[in-house]
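Right after this note come the structures.
Next come two complexes, and both contain subunit A; in the first it sits with subunit B, in the second with subunit C.
Entry: the complex of A and B
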């Protein structure tokens, strides 16, 4: 099994060339950000990922968590790693400075978070959930809630969870049944069962702060009657010390295909006299509050796709460099060479590499939009970046995680028979990756958000603005002196044409034929991801071409080849998606249900 | 978890409409085959699959095998199921009558084998390996070997294995190092280590008959110095009774991603004074003998793709019919309906259904070629079918198993969060399917066989003959009175055009640019599978259209919709493959190895 080495140079390239780090470093509030500081942060994070988190990834997968009488013991080494993670300040790093975070730009923290996901996806989920809870409380909670919970959560002494799903309420949160009854002292008694609660119970932190969706007694039905509560595992005394155990318990943990080292809990609230909880913000606005935070969580799950793809790629390259097998076709030397030289192994590695880079490109690009949408002094620029961020959030979540499926699958295939043996390490990446297209909203949920809220109901303006930016890149490529660059431009043009056609079809059909539009939603998301990824790869190629002479280690030459691979092997998929969207809805919808 | 119900009507349709069962039943040697008999066999086999094999599939996955001191205990229920499997005659069913089999046409036994693979892939592997060993001994062994081993192997009292792989010799069998020294009495002393030996050790049978590739002392290096031996776990006395334990032992079993209930053994031969083995056929022709048998095994692994896809589809449809979640877009009734009605769930189910049917179509069609190649009285017809069989064998192995990856993946996705929970049952199908693109030759090995031996070195005649048959179907569709049928014809035409272009490119480049050709090998295999699948789905549509009035239960209407889905959603992928082959080789090969 190979270890994980953070691809710092790749990350810096995406941050600088695509996300616009220089501009972001110049925004108000980012005065302390310098290229040296960013590189130093990435180097340090990379070291922590390699030395502390990566080594316990495979053992954690094998051992998993142990549930006993409501308590969960994490796999060996996780407690120690978490303590060190918090001590060195990594836990709160992306949080705002107000409660002890470092307030780094999202563009920078995105690269650091990618490392945690690559090194140990199970481990990284604890921080992701904690920071999501921090964000929800920070944006919508009272000062009392903020002061009581946030400093410890940012420090990591306490962790956070999101209690949304119930057995009958998965993608459809309107069906939530958990109850919250006023206790007369301003607090609420929460009761009901929540499932699929990531890091819902564990032994790494002193307290666990649960955010819970529940209904007040007089709440209207459906999504407009759901409120958000904070319910800590241990109640907190007025002086901040831990008080009584709250009436909430981990009833069991799930036996899953992957992410074994992160406990997925069934949480039972109020089996005695009600779990004490505190209302966040106003009643009945819980879902709205959750969504503020969920958009960021969706970007972070998209980033899991990038991280796990990178890890699978490193594992596969390592094996392909070492393993000697068979004669290389067309090789006259007669030497025994590693399988890296077999054309089909190269094809798989190039496919893994180019899709990993393209998903990183879009994830970091959108992080840049987030920074500009928040801090740019010009309101027009803030607005444009906010619209781009909203358009691409479901694409980052959906497309990056879908891409990781094929990448981790190829990661096994490169190993041949050894790939199927668990000890080799390639299986875990594919098993871990499998959850990413499901949680925080399945690919279909993302796709419906994309075609509805983000394209059709918005009149397609945000998508047209994106296509215009792509056209600018295309013009640069079309007029380029280098034939290879013109080829990349032509392939981008083909993808843009397919995306524009599908967008027109969607705008024309969304209201009149909503089922037909929904039948093409996932192909549309994949089409948008493929073309946006192709656009950013093309931009990378333009930058790399200019810098070819700057470096003699081949970094920019590799960037060009990778962009070209993407344009020749991945971008042509855009046409199949377009065909499926524009011509394919009837055959999706025609079958009588009895005939399946 | 749903049970498995054999899709007998689907199977009969593929056998009759595509494989040509009526013609096959009329071939010499098949006199006893009648439509009633075939249906009765499938019904009985289906019952056995549902009642005996399917129920122990998930428990077998959870429990796996236990290794202790060289002995392997199978999961609970396997011994009893295997005893019943042999008693009822299912084990030897596909074998020739000479040694106790039923000598059924391959077309019929293929459908039965698909059921075992669907119901319990781990279990089915034992029979598959045994019958492969039977075939090798029957074709190449002496009468003594045949009489000593075959009756018990066909009956299933003894099982068989294939010992090919060694740590340094996987895809490249030229690197085999196992030794065989003459013992002076006509037998040989075999020594060495073999890995990845499926059902290499277990407790279901009285004896295990290992076929082993090894080198004689004077053997030339490489593939031309490998001989084939039979080495039984227990030596067999002259009277047929079991004698001494042979010097071969299961040193350990692997911890795999899937097929947990089938032990994958490391076999140590000759750790004391050599395992006694008997030469099969002539010295140094072992690899050639293995390949006779391996071609049939490859078709059977392709069929595993069909079987596991069918099982995953049934599991997903069952869940989609039961699970109620969310409002159906565009549905004005306001009723709560199962998720089967969500357009994207339909899309996934249609995708699973159409790919499963297309892979079944090609697997059964090739089984029909096998029957005609063997028994047709007209030599020209035999020859044409043999060439078609050879051309499509790597396609059945490669494309059907690759298709099963997406189908079993979607099988999880349809379940949402529940799909990731092992107890639901969807994960196992995806984990089990993962091995099928690796063993019996990876997809790349199949693809190299296809582009080399089966297309380029043969001058492309077999592929052109296939394209001509497709053109006949296309003409029928183009001239059809129904617009839907003409659409299917147009889509088939697009696919054929892509396949013809890629074939021309391959013929022009294979000798001059062997690495470029190999870079496109896997896309070429997928292209060939997609277009051949599309052709057979189009033929299905023609037959179904004629019979629409024959049945009022919608079976033929469903066939038409499924064929149309395939033509609109799957066939367009042909163009991406063509693009990757024709334009994409340089970017596969360009990267310096240090830059990966």
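Entry: the complex of A and C
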């Protein structure tokens, strides 16, 4: 099993060439940020990821969590690693300085978060959920709630959770039944059962702050009647000390396919006289509040796809360099060589590498949009970036996580029979990656958001603006002096054509034939991801070509070859997605249900 | 009391080192670099002495390419007060580094110089000893405990037979062994503060030191693979093999 080494140079390249780090560092509020500081942060974070989080990843997968009488013990080493994670300030890094975070730009924290996800996805989920809860309270909670909970949550002394799902309310949160009754003192008594609560119970922190979706007694039915509450595991006294145990308990934890070291809890609220909770913001606006941070959470899950793909790639390359097997076709030397020399092993590794880089490219690019949408002084630029961010959020979540399935699958294939053996370490990445296309909204949910709210209902303007930016890149490539670059440009052109055609079809058919449009939603998401990824790979190639002479270590040469592989092997998939969208809906819908 | 700590930029110990195809050295292209782990222990020890009020200033020094600045920033993120880069693209061998450090010590007059006992790239284990000799200072190598009291420094050393404790006048040279301490991870606020700490760059020429290599690398090879073991029939055969084949007893 190989260890994880943070790909700092790859990350810096994506941040600089694609996300626009230099511009972001110059935005108001980012005065502290400079390129050498960013590199120092990535180096130190990479060290922590390699030395503290990566070594407990496989053991944590084997051991998992233990539930006993409502208490959950985490796998060996997690408690200590978490303490160190908080002590060094990594836990609160992306949070605002107001509550003890470092307030770094999203572009910078994205790279650091990718490291945690690569090194130990189970571990990283605790921080992700805590920061999501911090964001919800910071944006919508009263000053009292903020002051009571946020400093300790940012410091990591307390962790946070999101209690949304119930057995009958999964993708459809309108079916939430959990109840909240006023207690007369401004607080509420919460009762009901929540499932799939990530890090819902554990022994790493002093307190756990649950955000819970529940209905008030007079709430209207459906999505318009759901409110958001804070319910801490231990009540907090006026002086900030911990008080009584709240009436909420972890009833059990799930046995899962992956992310074994992260406890997925069934939470029972109010089995006695009701769990005490505090309303966040106004009544009946809970779902809306959840959605403001769900977009950020979706980008973070997309980033999990990038992180796991990177880890699987490193593991596969490590094995392919060492494993000596078979004669290399066409090799006259007769020497025994590692499998890295076999053409098909190279193809698999190129596939893994190019898809990992393309998903990183799009995730970091969107992080850059988020920074500009928030802090750019020019309102027009802010608006344009906000629209791009909204358009691509479901693509990052859906496409990066779908790509990770193929990358981790190939990761096993590179290992041959040893890949199927757990001890080798390739299986865990595939099992861990599997959840990413499901939670935080399945790929289909992302795809429906994309074709509906982000393209059809919006008139396709955001998608056309993206296609225009792609056309600029294509023109640069078409007029390039190097044949390889023109080749990449032609492939990008083919992808753009497919995306434009499918967008036109969607705009023409979304209202008239909603079922046909929905049948092509996931292919449309994959098409958008493939072409946007191809565009950013092409932009990477342009930058790398200019810098070829700067460095003799092959970094930029590798960038060019990887971009070319993507244009030759991945971008052509755009055509089959287009065909499936434009011509393929009837076969999806034609068969009678009885014939399935 | 001022402490000077030299730090070296080497291939990260987590990286699996591979020999270059032409046997001229190890593959460094796209390989992650980091501070030599023994030097990290040296910085940690110096910073602990400062935190305990024993030392007043910790100066980190690195000799080599411009990227050694990153290694100095790491040292400052752990707690060094400032950094000095002796900037050169030349291949530096231990004697050249010892001479560069001597020139810096002549300027800085530190009370203690704490070095890693060796760097994990060439494992030379020479620079500290050479520096002490060039400066005519007492030296305590392979330290596993360092105590400063009444103007003297007492060092517990790891030696073949176990441990010995020696006491030295200062200024003195100490090299660290693995068990001296467990280095901390730099905190994010300290990483950000390190950027504002002073980092001075000098050249070997300015220090008047000739860094020309004295040794030539003939070739670099992978260590020989371990050969298969054999089952021995009994203790007598084992003893016989240890005596006559392995010649270790």
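Here, the second predicted complex is superposed on the first by the 596 of 596 C-alpha atoms of A that agree within 3 Å, B and C clash if a C-alpha of one lies under 4 Å from a C-alpha of the other, contacts with A are read in each partner's own complex, and residues count from 1 in each chain.
Here, a residue touches a chain if its C-beta (ideal position, glycine included) is under 8 Å from a C-beta of that chain, and two chains touch if they have at least 3 such contacts.
No experiment lies behind these values; they were computed from the predicted model shown.
**Q** Just checking: does A:521 make contact with subunit B only, subunit C only, both, or neither of them? Give me first, second, both or neither.
**A** first
**Q** Classify the contacts of A:41 with the two partner chains as first (subunit B alone), second (subunit C alone), both, or neither.
**A** Touch status of A:41: second partner only.
**Q** Check whether A:568 is in contact with subunit B, with subunit C, with both or with neither, and answer first, second, both or neither.
**A** Touch status of A:568: first partner only.
**Q** Output check: A:70 vs subunit B and subunit C. Expected answer is one of first, second, both, neither. What do you get?
**A** A:70 contacts neither subunit B nor subunit C.
**Q** For A:554, is the partner it touches subunit B (first), subunit C (second), both, or none of the two (neither)?
**A** In the superposed model, A:554 contacts both subunit B and subunit C.
**Q** A:423 contacts which: subunit B (first), subunit C (second), both, neither?
**A** Only subunit B; A:423 stays clear of subunit C.
**Q** A:32 contacts which: subunit B (first), subunit C (second), both, neither?
**A** A:32: touches subunit C, not subunit B.
**Q** Under the stated touch criterion, which partner chain does A:90 make contact with: subunit B (first), subunit C (second), both, or neither?
**A** second
**Q** Check whether subunit B or subunit C contacts more residues of subunit A in the superposed model.
**A** B
**Q** In the superposed arrangement, what residues of subunit A touch both subunit B and subunit C?
**A** Touching subunit B in the first complex and subunit C in the second, residues 321, 554-555, 558 of subunit A appear in both lists.
**Q** Which of the residues in subunit C end up touching subunit A in this complex?
**A** 12, 14-16, 18, 28-30, 32, 34, 69-70, 73-74, 77, 185-189, 191-192, 194-195
**Q** Along subunit B, where are the residues that touch subunit A in the complex?
**A** 165, 168, 170-172, 174-175, 195-196, 254-258, 317, 320-321, 324-327, 329-330, 340-347, 349-350, 353, 405, 409, 412-413, 416-417, 419-423, 427, 430-431, 434-435, 437-439, 442-444, 447-448, 513-516, 518-519, 521-522, 554-555, 557-558, 561-562, 564-565, 568-569, 572-573, 575-576, 579-580, 583-596
**Q** Using the touch definition up top, name the residues of subunit A that touch subunit C in the complex.
**A** Residues of subunit A touching subunit C: 2-3, 5-6, 8-9, 32, 34, 36-37, 39-41, 43-44, 46-48, 50-52, 84, 87-90, 93, 102, 318, 321, 553-555, 558.
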